[in-house]
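Two complexes are shown next, each including chain A; its partner changes from chain B in the first to chain C in the second.
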Partner chain A sequence: MRAYKSKDNVQAKAYYTDRFYVAPQVPKQDVDCDETFSSDLEAIKAKFEVKEAYVQVGQMVVYINAHDIYGVLELMRDELEYTQLSEMSAIDWLAKDNTFEIFYQMLSMTKRKRIRVKYFIENGQAVDSVEALFRSADWAEREMYDMFGIEANGHPFMKRILMPYDWQGHPLLKTYPLQGDEFAAWYEVDKIYGKEARDIIGPELRDTARVDRYDSERFSRLGFEVPKGTEITGEEEPHVESYQEEGGVFLVKKFDKESSKVIDDPQR
Partner chain B sequence: MAQHKVNYTQDGGLPVALTSIDKIVNWGRSNSLWAMTYGLACCGIEMMAAGASRYDFDRFGTIFRASPRQSDVMIVAGTLTKKHSEFIKRLYDQMTEPRWVISMGSCANTGGMFNTYATVQGVDRIIPVDLYLPGCAPRPETLQYGVMLLQKKIRANKAGNAQKAKRLM
Partner chain C sequence: MAQVKNRLTPFFENITFDRDDNELVLNFGPQHPSAHGQLRLMLHLQQEQIVKAHPDIGYLHRGMEKMAENMIYNEFMPTTDRMDYIASSSNNYGFALAVEKLIGLEVPRRAKVIRMMLLEINRLMSHLFWLATTALDIGAMTVFLYAFREREYLMDIIEGYCGARLTHAAIRIGGVPLDIQDSFLHQLRVFLNKLPQNIKDYEDLLDTNRIWLMRMEEVGTISTEMALSWGCTGPMLRASGVAWDIRKEEPYELYDEVEFDVPFSDKGDNFARYRIYMEEMRQSAKILYQCIEMYEKCEKDGQTELMAHAPKYISAPKIDIMTQNYSLMQHFVLVTQGMRPPVGEVYVPTESPKGELGFYINSQGGPYPYRLKLRAPSFWHTGILTDLLPGHYIPDVVSIIGTTNIVFGEVDR
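And then the complex of A and B:
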């Protein structure tokens, strides 16, 4: 027999619990192992300060200073042929040392290489927008603002992109609860009906997988339907729900379940 | 002399059917349920399949309308996000009475698998729902069955009475 488990909350849970877990790093190689990367790195080093550089999984990672980002990306786009900004966003390290790590994933179609440019900023610090260099940074920076609260200086339309404009909180921060804070839990009720409707509508029921066959207020058992609120004893008569009333419907052809063809071949 | 075979002397002599106002009004309402296209996610695909020729909603008189002002039933098919919740309320308010709501699929019923901060945990937190269809996503047959049950529900009510407010606010 299976061991008894409490049925109070049967909602599937995440199998991991530590949201501050940091995955171990794969091995890093020296930049000298690749000719293209070493010449690119030399070109960047000639004009800007490079804090750290290595090759990981065939891609070069370059750490620079936060105020150099526009110049570095301009250099990479115009002289080093890295013409595409595939992705950019932030990583939350607030729990470790109160910083965000910003990354820009660059792609060169001619060289067939990818470089990741990274830097750290303090919590509350803004970054320089690269929207003037890459159009793809427009929405990426808006999303970074929406999800982490990091503003981009010089962006033409620095507003939220996914969450509503009047939303409070930044959902991708590691401190943000998955099921939302107090504001998120009551957002639609507060906005549409007002705070006084909270008591009438009630809190969110988060255990959506729960089924209770003895609760006839909120559940009904297929083939054993009873009126709402009836006490269920377990000795209900099975009953077939018909499409139409017994006497038929005015001017509508009677749909007869018994005479209809039932296809029982699942491979039909 | 007429060539057709109508026997006017049968059934009291006249081709007339007698009924009550309730029955004829409800007959009209239940057999011309114009649905509002409200496909929010993958359930919308099943809703479109139910409307297309294989399942053919037209033979139930259910015709999809793109305007809330022309529709009687709102089929909420898919995940309702919190950002969208104010629009569903506005569109529901724009529908003329009598109006009905079918909540189609797990996401519209309870939030479904989206147990997160951004999803409304059941569309009945915003608007009153007449019929909940289980499934992820429900097959078109389920939606057809749901519409037929809604027709039965409409026929069971008095036509003349104003629709009772389902949620007092």
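And then the complex of A and C:
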């Protein structure tokens, strides 16, 4: 019997972990360690519920409620001078507790500070679009939808951005295998040749490193190539490839080492 | 817009149209030579004027974030080359720095100097490439040939260092793998001494060129609000009146020790961007001269270390691996299993030639990142075309795409 493998996370995993190994933590500091951060946090706390806040590697991380996101980012943009949304995306925690973690990376150019605003949503829940606040969220939210299937309420054009519109599945989910799923294997075959050609062409080979070890005819027979299907006797004549036509090519001179000039200094 | 089906005169009674206006939808790309990659633009036109633009990307999507989740940290390094393949060392560096911040590593000074030299050479290469291709798009063939000639010198230097011209993989987590070759500094100096004259040559050809000015001035104007809202960074933001350079504002490596200026303009048009690229090349040359001095000082002081000493994460030097049993064991574990950074997350921005290149890494203590988000500047610089193109004319599209300096390895990742 095959050993049971969990299907909720099919990504690469460490093949060996010492059972006494305890992973160290990246240190977290209290928000009080930085004046700007603590005053910013106070301003957010005055209006919204903050679940957790700390400073990690010089940036503040603030956990809020999912429904507050628009208000928090609006407050940060208009009152706290965090004028740019550098990045936003999601983290897949479905295998752990069926949630997604959404993060918004904010930048204040006047204060030279970066804050990461985060919250959790349940699987299947949509987020509030912040596209009206930051135009950059237009594409970021589309990418998040494309990669994780998380929709943004109030987004003007909630369509896939990187994958084709008629794609099925969301590639960055942990349940999605690296080499693609069944749909991915047939996508281009169906598109280009049609479903009826599936038997003739076969599924797309997505393992680019695959070497057919039974292919002894053409593999590593450099200089002794034979046409496919020919019996290999081992006494083939070496196949010499000539790289320059006899009599030369129009306007092209045969390379002559003697009369050529070697330039030692590449800078001339 | 309401989609009214209108029936034409009886002669054409079998034809129905989706639209009742005379808007033309033009499909620009994805194989357009001036799109600098696989950019498809759907342009809605009124005569020659664009009323709506819809950039469509994803033709070069390779799923790098997915690949990162399935690779050990060191394995991912050569993959980052394929993001912004015009200046691949800056991607290598961004990733290396992010992992170093996650672990809390301090890189030896000599390695820092070498990295800075590589970064600035890459910036020059990228800017020269930008100038060459943009000029070519607009029709200035001579500038293209000149700028590529200079870029070739730089690629020779880089090739001498790491053996590759485009995909360098020249930086490692914790330092650099090799010291620079003997001819490096000499070649670099020869190049830098020539560069001011070269830049002047380009400017003589372009600055007062009537065609160039007509295609550049007052075209593709990005206001400060628009640039901030769209997440523009780098020269795109600096041309729109915000003097924000991460090297200056949040210094990493040894950028706080070198002297350089951050050029910026409040015009926001194509020409402002062009001027900023030219000025940044001069500033890069200035930084490189200082790096050469710093490197020579390192050599005088006998600082020879190139990789950080952190046996849990970084393999020992080759000589130790070949002579000491424990170093060999450590190396074996790090190569087969990979390093395991602490549990935590980090977002590290660096100033790549195109703008803010950020790596967000979420580590759960395993040898594979749990989540890695690549914040590539070109992604947003492509997005801004949605708002920037309407109102312009078809020929402007080419010059605007040119000055946004987008590279599709980075946009689609």
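A few points about this structure:
To be clear about the criterion, the second predicted complex is superposed on the first by the 198 of 268 C-alpha atoms of A that agree within 3 Å, B and C clash if a C-alpha of one lies under 4 Å from a C-alpha of the other, contacts with A are read in each partner's own complex, and residues count from 1 in each chain.
Just so we're on the same page, a residue touches a chain if its C-beta (ideal position, glycine included) is under 8 Å from a C-beta of that chain, and two chains touch if they have at least 3 such contacts.
Keep in mind that this is a model prediction, so the values were computed, not measured.
In the superposition on chain A, contact of A:205 is made with chain B only, not with chain C. Contacts of A:197 after superposition on the shared chain: chain B is touched, whereas chain C is not. Within the superposed three-chain model, A:46 lies out of touch with both chain B and chain C [touch as defined at top].
Once the two structures are overlaid, the count of chain A residues touched is higher for C than for its counterpart among chain B and chain C.
In the superposed model, A:24 lies in contact with chain C only, and not with chain B. In the superposition on chain A, A:250 makes contact with chain B only, while chain C stays out of contact range.
Of the two partner chains, neither chain B nor chain C is touched by A:240. In the superposed model, A:83 makes contact with chain C only, not with chain B. By the touch criterion defined above, A:187 reaches chain B but does not reach chain C. When the two structures are aligned on the shared chain, A:164 is found in touch with chain B and with chain C. Overlap of the chain B and chain C interfaces on chain A: residues 11, 162-164, 171, 176, 178.
Within the complex formed with chain A, the chain C residues making contact are 57-58, 61, 63, 65-67, 69-71, 101-102, 104, 153, 156, 160, 187, 190-191, 226, 228-231, 233, 242, 244, 249-250, 337-338, 340-349, 356, 358, 360, 362-368, 370-371, 373, 375, 379-380, 383-384, 386-387, 412.
Residue ranges of chain A in contact with chain B, taken from their complex: 11, 162-164, 171, 176-181, 184, 187-189, 191-193, 197, 200-201, 204-206, 208, 241, 243-245, 249-252, 255. Put simply, chain B touches chain A in their complex at residues 17, 19, 23-24, 27, 31, 82-83, 85-86, 89, 106, 110-113, 115-118, 120-122, 125-126, 145, 148-149, 152, 155-156, 167, 169. Those residues of chain A whose C-beta lies close enough to touch chain C in the complex are 11-17, 21, 23-26, 28, 56-57, 59, 61, 83-87, 89, 91-92, 103, 105, 109, 112, 114, 116, 134-136, 138-139, 147, 160-164, 171-172, 176, 178, 266-267.
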